[in-house]
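What follows is subunit A paired twice: with subunit B in the first complex and subunit C in the second.
What follows is the complex of A and B.
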């Protein structure tokens, strides 16, 4: 029953995504499009945390670490290769490999959930301090000067096979939006696969998953590495959207922000974190244009409100509400109310856009 | 003597600090046997059970399952040998549906198509076909116990280890569970840890009584029930 409804939602999401992909550059200004590319990078980062936290139960407080590693790996290898196509591959692989190594120590060392959060956050802050201290001329990898506090300029994407054919910002937007759509549907496919269902089972009860015969540590490790690779891809998009990469990607603010997107958007769904990231990105953007209220204060209030009043997040709450309305309409009232029940759905559709 | 030995422990001991929970236990289970482990609280049954299933690593001694020393094996590796395990507190996938629970167990050892038909078969055997789409944390305690049993059955194990499968069940449910266990015994060897004497009478073949970490006596239910030492252990010393 749920599968059919889910499938129609997926089709709707795909349509909205593609319309947005094609339509946005036609109607929006270039400045907005460039900004959107960054927002999409954030959404992809949120998706990666939504995947491992919402479906694998792994609360990684430093998901932005892999995002930053991906961004740095992309810039460093793009400068050294003189082209960006392989740099994207390298960035994703390096981020995934780093997540795998870190995950190995955490999962095989049987580190508990709370400490996992602490460790991942600490690793992020270590990178932050490390990269800030790389300003001297001696800190270079190949031709790439790490640049310390100031960071490095990101070479824009080029057409595969022709390093001199550099993409325009609009084209980068197409690439980013396509990457988000593909990333989303890869995640959907993953959580519907045998592997994904086992990951959910592990989230529900580790001991039972083990007793049924699944290697819990290995499954968590693989999921964590996939999440790391996805965050790395988001880092590539971020470097392209902003045009620069600085140690700030590793700071506490970004680490916390990623968690907030997922909490607000909703754990246990994939579209929730994406919407959460987009929503908060725009909220912060518009708050940035005024100076009467502090950004972080608003962000803090939003987090507190959600944790207290809607801990499930926006999307799961809407789904619950929808289910409850439908359930209450019962057999005897089904005919009369069916039409009226359409209205909340319309509200929902609006959210998807 | 029935068939070959499928489970053997040699000098199995489990110490927690200074407390000796299991003390030098030598135990054997043969093919197609159904063995009940009983004993008063704190006798070491559950600790012994956890050593067998890889949830605890024994301090001394060996656990051998079909010629394989599994002392250092993880639970999932022991399960991977074809061993079905049910724990004392029902361990189920709380937020998932009944059929998803069963499917996860069936799919571990079987290709997709076979797993699907195993799910149907198992749901039928545990009589939960009607509530297959219910989320497990919303069904009754007895039904949750069956879901866990279903997960054991769906994997088609040759050895089944059950820790208090009838705990907290109504009389009727206990009877159905006993039936189910006898049915499992047709294709698998079983070790059942249990408190409920009535339930043991329904299923028991041979009974092992634990007391203070070691085996007190090992015999048929009638002999065990008549044994004065067992009575003493269960009812305490009588003041004369």
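What follows is the complex of A and C.
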């Protein structure tokens, strides 16, 4: 996709986003709006993984760890501070800092991507086991009881500066949707910046990027920390959407779900993971009403089918179809094919935005 | 004195437990360089095999030591033929596909047996006494089984023809294939053996932990971290990593309770990987199995 067309797409996305932000609470019922807030939190989490996996080539299986850490940090600090504004900042910083520390050990140890995936997943599962065991009264941070298996109630967002002015669920929806739009455009800006181009170069060929003179480890670390912070912000929205945070955010099911959003929506795009998250949230919601089909089964089949049959994800497929229809594939596609023949590595197409 | 003996027994059991739950994964990883994310579900299937067949009237020893590995081993071979073999050389896709498989297996077992614990079975051996302390006889039995299993694996790799072929394929699949070894069949058999060992481990642990469709998740964090810390040498890697991590886990659990045990295990493993990114056996014990 060339830059002009990409920009018109971005404008379209922005318009759709803002219309949805303003229009949804006017049309939909309150119950749907509260559910949508949770879905938006999921979409922001998907965006964070779409950023680091799709553009940095960092295969993180435990992105939901940072999501959960953000949610817990938000709740714990909101209870201790008595207000939520600084709690949001703390949540994002704690999640980003944890990602940075974990990333230091992995990137500076030059752990391979398969190991990285498994290690991040393991971290998530250990958090799950750890938080489940914190039910005793001795497990508290400041005034906040961690609550073990039952988790903790999340204080709702308040207007900055006035802790007694608590936002209504509709207002929380506005905040969430605005956060998603801002997060999306921040990511677009990031991958168009010099830093983002280096990240993509590292994804394409780590050795080459290093020989050209870029510090691969540092770039990956920074991108990973940014992804962690974004996931932490998603955790804050999630805690508000559900009103409660339990150790289940760290479980295997949520870790798998995050990966599946990105695979279904399309790696190498930013809008794909978001749409994947919304789509699967809707699918699981409608499956949940008929209990005969198990969610794990559905997700597992989706994952196996997408990996074995190898569709590129919904958004890249649509873009390809569009390009072919408009006859734009011509010279570029031929060039791409020739390049593919030369190198045995699977070449994926990537689009910004 | 008795306290130290009891504590030492706990540490040895902690190590044996890690070896037991990791060995099947290590066999597949050592051979194909692929982490099988459905490993926990292989353990879970082993557990269900034992519980279901024992409740149907089969002798518990027969169910644990023969039926569980057999059933899960066959499932492993089928999985390899139907799914894994199409993904050789695509490591990330293999990981994702086995993760999908893991979800499918959890979903299927939940649909068939329900999400709750199936009727549990009790450990077939009673308690033993060390001075003032009691210890479970079944844990001693598990330590024995793990030792026998490790020795068997060593002998099979070192002294049999199949073991020779397996080691050759591990060191250089292309050369082995040029010398007339069917690497595809070797991989299928290895995957089956790895699954069978996992099934055996799951069956043996079922009387202690009970079985749940999602029980796999409680094992895999430890199993993954053990195998990755160990590196690609199947036995030396699993044994050295289990010894280190199992001791840390047991000692920390003894001092601070079970909550910190796993966290300590993870922290040690991550620091270890910073120092030795390819695992212990890439640096130490390099020529070992």
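Operating definition for what follows: the second predicted complex is superposed on the first by the 322 of 353 C-alpha atoms of A that agree within 3 Å, B and C clash if a C-alpha of one lies under 4 Å from a C-alpha of the other, contacts with A are read in each partner's own complex, and residues count from 1 in each chain.
Here is the rule we go by: a contact is a pair of C-beta atoms (placed from the backbone, for glycine too) under 8 Å apart; a residue touches a chain by one contact, two chains touch by 3 or more.
These figures come from a predicted structure and were not determined experimentally.
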Problem - Fit or clash - subunit C, subunit B, common subunit A - result: fit
Exercise for the section: Using the superposition on chain A described above, determine whether A:118 touches subunit B (first), subunit C (second), both, or neither. Expected result: second
Exercise for the section: Applying the touch criterion given at the start, work out whether A:300 contacts subunit B, subunit C, both or neither, answering first, second, both or neither. Expected result: second
Exercise for the section: Using the superposition on chain A described above, determine whether A:5 touches subunit B (first), subunit C (second), both, or neither. Expected result: neither
Practice task
Tell me which partner A:211 touches in the superposition: subunit B (first), subunit C (second), both or neither.
Solution key: first
Practice task
Kindly classify A:129 by the partners it touches after superposition: subunit B alone (first), subunit C alone (second), both, or neither?
Solution key: second
Problem - First, second, both or neither for A:256, with subunit B first and subunit C second - result: second
Practice task
Please indicate which partner A:194 is in contact with in the superposed arrangement: first for subunit B, second for subunit C, both, or neither.
Solution key: first
Exercise for the section: Determine, for the superposed model, which of the two partners subunit B and subunit C contacts more residues of subunit A. Expected result: C
Exercise for the section: Please work out how little space separates the C-alpha atoms of subunit B and subunit C at their nearest point after superposition, in whole Å. Expected result: 11
Handout entry: Contacting residues of subunit C [partner subunit A, same complex]
Key = 33-35, 37, 83, 86-87, 90-93, 95-97, 99-108, 110-111, 214, 217-218, 220-221, 224-225, 228, 258-259, 262-263, 266, 270-271, 273-275, 277
Problem - subunit A residues within the subunit C interface of the complex - result: 59, 61, 102, 105-106, 108-115, 117-119, 121-123, 125-126, 128-130, 133-134, 251-253, 256, 259, 263, 294-304, 307-308, 346
Problem - Interfacial residue positions of subunit B with respect to subunit A in the complex - result: 53, 55, 74-76, 79-80, 85-87, 91-96, 100, 103-105, 107-109, 112, 133, 148, 151, 155
Completion exercise
Within their complex, subunit A touches subunit B through residues 1, 194, 197-198, 200-201, 204-205, 207-216
